[in-house]
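The same chain A turns up in both complexes below, where it pairs with chain B and then with chain C.
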Partner chain A sequence: MDKIVLEHITKAYDKNAPVIEDLNLSIRQGSFTVLLGPSGCGKSTILRMIAGLEKETAGEIRIDGVSMKGVDPGDRQIAMVFQNYALYPTMTVRGNIEFGLINMKIDKAERNRRIEEAVQMVGLEDYLDRMPAKLSGGQRQRVALARAIVKKPSVFLMDEPLSNLDSKLRAQIRTDLIELHRKLGATFVYVTHDQVEAMSMGTDIVLLENGQIRQHDTPDALYREPANVFSARFIGTPPMNILPIRALRQAGMNTPLIAMHAGFRPEACRVESRPTAGSGLRLAGQVVTRENLGDQILYKVQTDFGMVQVKDFSGRPEAYGQVTLCVDPDRLHFFDGNECRLTEKGA
Partner chain B sequence: MEQVLKRIFFPAASRVQAVLPARTAVRRRRGAALLPYLLIAPALALLFVFVLYPIGYMVYLSFFDWNMIKPKEFVGLQNFVTMFHDPEFFQVLGNTFQYTVWTLVFGMGLALAAACFLKKDTRINRLLQSAIFLPYVMPLVSVAFIWVWLMDADYGLLNWLLGLVGLPGIRWLQDSAVAMYSLILVSVWKCVGYNTLIILSAMQGVPGYLYEAARLDKAGPAKTFFKITLPMISPSLFFLTLMNLIACFKMFETVNIMTAGGPANATSTLVYSLYQYGFKFYKLGYASAEGVVLMVIIGACTLVYFGALGKRVHYR
Partner chain C sequence: MKRTVCRTARSAVSILMLLVFFVPVYWMLLTAVKTMGQCYQTPPAFWVSNPAWDNFTRAFEAIPFRNMLKNSLIVTAGTLLCQCVTVIPAAYAFARMRFRGEKLLFGAVLATMMIPAQLIFLPVFLLFSQAGLINSYISLIIPHGTSAFAIFMLRQTFRQVPDELLEAARLDKAGQWKIITRIMLPLARPTLLTLCLLTLVTTWSDYFWPFVMTTNNDVRTLSVGVSMLRIVDGGVDYPLPFLWNRWSGRCTG
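Presenting the complex of A and B:
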């Protein structure tokens, strides 16, 4: 069942061109939906419209089938976690968590019970009487989470909540959020520009570009079956290598007639110092950089058809110089002139 | 430890020092210790000449009887005794407090209301901000003269306006029951713009996401104001209240020009009384004693204020 539905949503600021035009989106009940895209793609605006902090210029947003037109943010059964936490600096941790509950006119005993439950969930039991200024970034983010949890909302909205944290803490809170989502069973809508966050936490990913949905799928499908070149290039580190189709045709491979580009993931490719015979795509190139990450080696190889990035798990670093790249034909993707992926393979 | 750190951070200096004879090193160290005092000496000198010495001299004078011509005569605490037995002094003190309290209440209250009203950054609001700030840049003496005309019982604009709506005229500055409130009106009119501007800038400094968080937390406008805006701007309010408080205690110009302490001493304040005793009646000892009392009151108010409210002010 769809928890949140956005229908024909358009958003324009003042008299400027709309940042979002005729957007349709359904968010499944209980899903961890990630709105992913480069900065300026409108993902935060969508989240803020769901929250009621921005008014849609046209279209309708429904939560649980109820239109949200004219419904105040406080009455939408939602909780939001901001990028900069947005904790009230003049209130203690308890005050911050309790503020919403007091406004919801929940009695003291119930408030205390909920606060206790929430702080236990995020591990903040000992910090209830501290001021936010006396907390670390990670602790503040936990307070913001607790503040959202106590309200027992049916939808959690999160606007890049991890981007102000260091990478170690980010990884930790990422797993905390996955756990929290599973424990609460609520619908999470999470905005980020970081594909690692999206892939690791999301059950559904909505990939956006310039206010338009480029693909709405599961992380796995997004990775294995990118709908278009944008998806293919946005997801994955390093991203998918996209070559002009003539690279394959010159190598004598069969390709779909309407294909204009071919792509393959960096890990779908092997680096060989000496050309070997075999099926599949063979590309000659020059190693430009080599990064040894321990479990894998990343190569940047200059070929006649552009730069190709390779992720090698063989554990044997190849010397700088001339190499041959071998790509398994089953792992090639083809894209047409509109940069959409072709489902039928030509090889 | 210090030597080790010095050697790490200033290797060249420590090397030079090691080569120099011991006596030179000692002299140099002494010179280095004196340098900070030398640098603050000009500021200290000014502070001493214009602040500390006059205060000290005022306290000293309060124990003497002196009219600026005959030699000073030591009278001990006699000036204070006379003062505390003089009902007029208590009237003056009462006037001062009355003036201060009402100016503070209305000056801050109206400024807070105006700031809330002008918070949104629009062209009209910017114009209104400048308009409301205008009285502050005018010299108080000119302001006082203008208000004397406005409040003229026979030809003043205020009474003319009252007449237009069929109300009887008020003897703004001649009625002892009204005169003090007329002065308070002028004072509020003068300070409200400045207060508004400070409060406004403090309000505009409150991050917008806090208000968004409050909306998501279902907080109404009143709750948002009292729980978020007010605590967030408390440092500015604290500062303004203290500044206004001190300015009110020291108020002089408007009284001097508009009422000269009258009618029947109804508007005489501590500083005006001090001025009268000092420079009209040439009782400098008594005037100094009043000055000491004023200083003690302001000092006490400031301390109490810091003690009572300082901890509740939220500094980011």
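Presenting the complex of A and C:
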């Protein structure tokens, strides 16, 4: 069932050209939907329109089938977590968490019960009487989470909540969020530009570019079956290698007639110092850089058709110099002139 | 050696500064208990062995002290309250709301700061006298019921509050009133206190306006009372004004 539906949404700031034009999006009930895209793609704007903080220029937003036109942010059964926490600096942790409940006119006993439950969930039991200024970044973000949890909303909106935290804390809160989502069973809508966050937490990913949805899929599908070159390049570190189709045709491979580009993931390729016989694509190149990460080795190889990045799990570092890249033909993707992926395979 | 010299010098300067600030205050208090003769005495006396306490009794009797004190309190409190009621919503609106003519209106508010009171007191006086409001608290409070400077200061403070905070509050179902009282004002407390203090001091010690707007002692404040002390005896009764200056807050000491 669809929890949130956006229909023909257009958003323009003042009289400028619209940042989002005729956007249609359905967010599944109970999903952890990640709005992913480079900065300026309109993902935050979409989130803020769902929250009611930004008014849509045209179109309709429905939550649980009810139109949100003219409904105040406070009445939408939603809670939001901001990038910079947005804690009320003059209130204690308890005051921050309680503020929304008081405004919802919930009685004291119920408030205390809910606060207790929420702080236990985020592990802040001992900090209720602290001021936000006396907390670390991670603790502040937990207060912001608790503040959202106590309201028992059916939708959680999160606007890059991890980007102000250091990488270790980020990884930790990422798993906390997955746990929280499973425990609460609410719908999460999460905005980020970090594809690792999107892939690791999301059950659904909406990939956006310039206010348009490029792909709306599960993380797995997004990775294995990117709908277009943009998706292929955005997901994965390093991103998918995209070569002009003539690279394959020169190698004498069968390719779909309308294919213009071919792509393969860095891990779909091996680096060999000596040319070996076998089927599939062989590319000659020069190793430019080699990064040994222990469990994997990253290569940047300059070929006649551009730079190719390779992720090698063999554990044997190849020397700098001339190498041959062997690409697994089953893991090749083909894209047409509009950069859309072709489902038909060549080879 | 060098350090000792340094320390001594610093102490000496400190003591000198203390004297500079302390002597006028001491002189004021001393004069209050001097007789007329002692005031004009040369060389001046730095100590009086039998203080003339009856100066105070005379001062209390010379002007309606109780009434004037009451008036001062009412006018000051009234002005303060009135300014809070007008300044806070105005500053919030100018800081946080977009409306038609906002810039023009704010410009007009700022422009009023450039008009000195001495320039407009006559028309204001005529206005109040025609409304029959001379000799009333209203005529002393309403003309100072708002402050362009305070609106400006508070607006600047309100503008520094991050947007996310207000958005979070809106999502927490807080209305404008709650946003102002629970989030904006607590954050603006330092500015608010400064503005209150400024208003308090100016209103309490204002002499010009209460004098213009009154024809009898009914609503006159202590600051007017001070000037009356000088006239009561047909001459200048020095010891009393000195003390009164202090009480009515007009002394420079």
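Convention: the second predicted complex is superposed on the first by the 347 of 347 C-alpha atoms of A that agree within 3 Å, B and C clash if a C-alpha of one lies under 4 Å from a C-alpha of the other, contacts with A are read in each partner's own complex, and residues count from 1 in each chain.
The working rule: a contact is a pair of C-beta atoms (placed from the backbone, for glycine too) under 8 Å apart; a residue touches a chain by one contact, two chains touch by 3 or more.
These numbers were taken from a predicted model, which means no experiment stands behind them.
On the shared subunit chain A, the superposed partners chain B and chain C overlap sterically.
By the touch criterion stated above, A:104 is placed in contact with chain B and with chain C alike.
Within the superposed three-chain model, A:133 lies in touch with chain B and out of touch with chain C [touch as defined at top]. By the touch criterion defined above, A:58 reaches neither chain B nor chain C. Looking at the shared chain after the overlay, A:19 reaches neither chain B nor chain C. Of all the stretches 2-10, 38-46 or 56-64 given for chain B, the clashing one with respect to chain C is 56-64.
With the contact threshold set out at the top, residues 51, 53, 72-75, 78-80, 82, 84, 86-91, 99-100, 103-104, 147 of chain A are in contact with chain B in one structure and with chain C in the other.
Of all residues in chain A, only 51-53, 72-75, 78-80, 82, 84, 86-91, 99-100, 103-104, 133, 147 touch chain B in the complex they form.
Those residues of chain C that touch chain A in the complex are listed here as 162, 164-165, 167-174, 178, 182-183, 186-187. Put simply, chain B touches chain A in their complex at residues 207, 209-210, 212-220, 223, 227-228, 231-232, 234, 314, 316. Interface residues of chain A, counted against chain C in their complex, comprise 51, 53, 72-75, 78-80, 82-84, 86-91, 99-100, 103-104, 147, 151.
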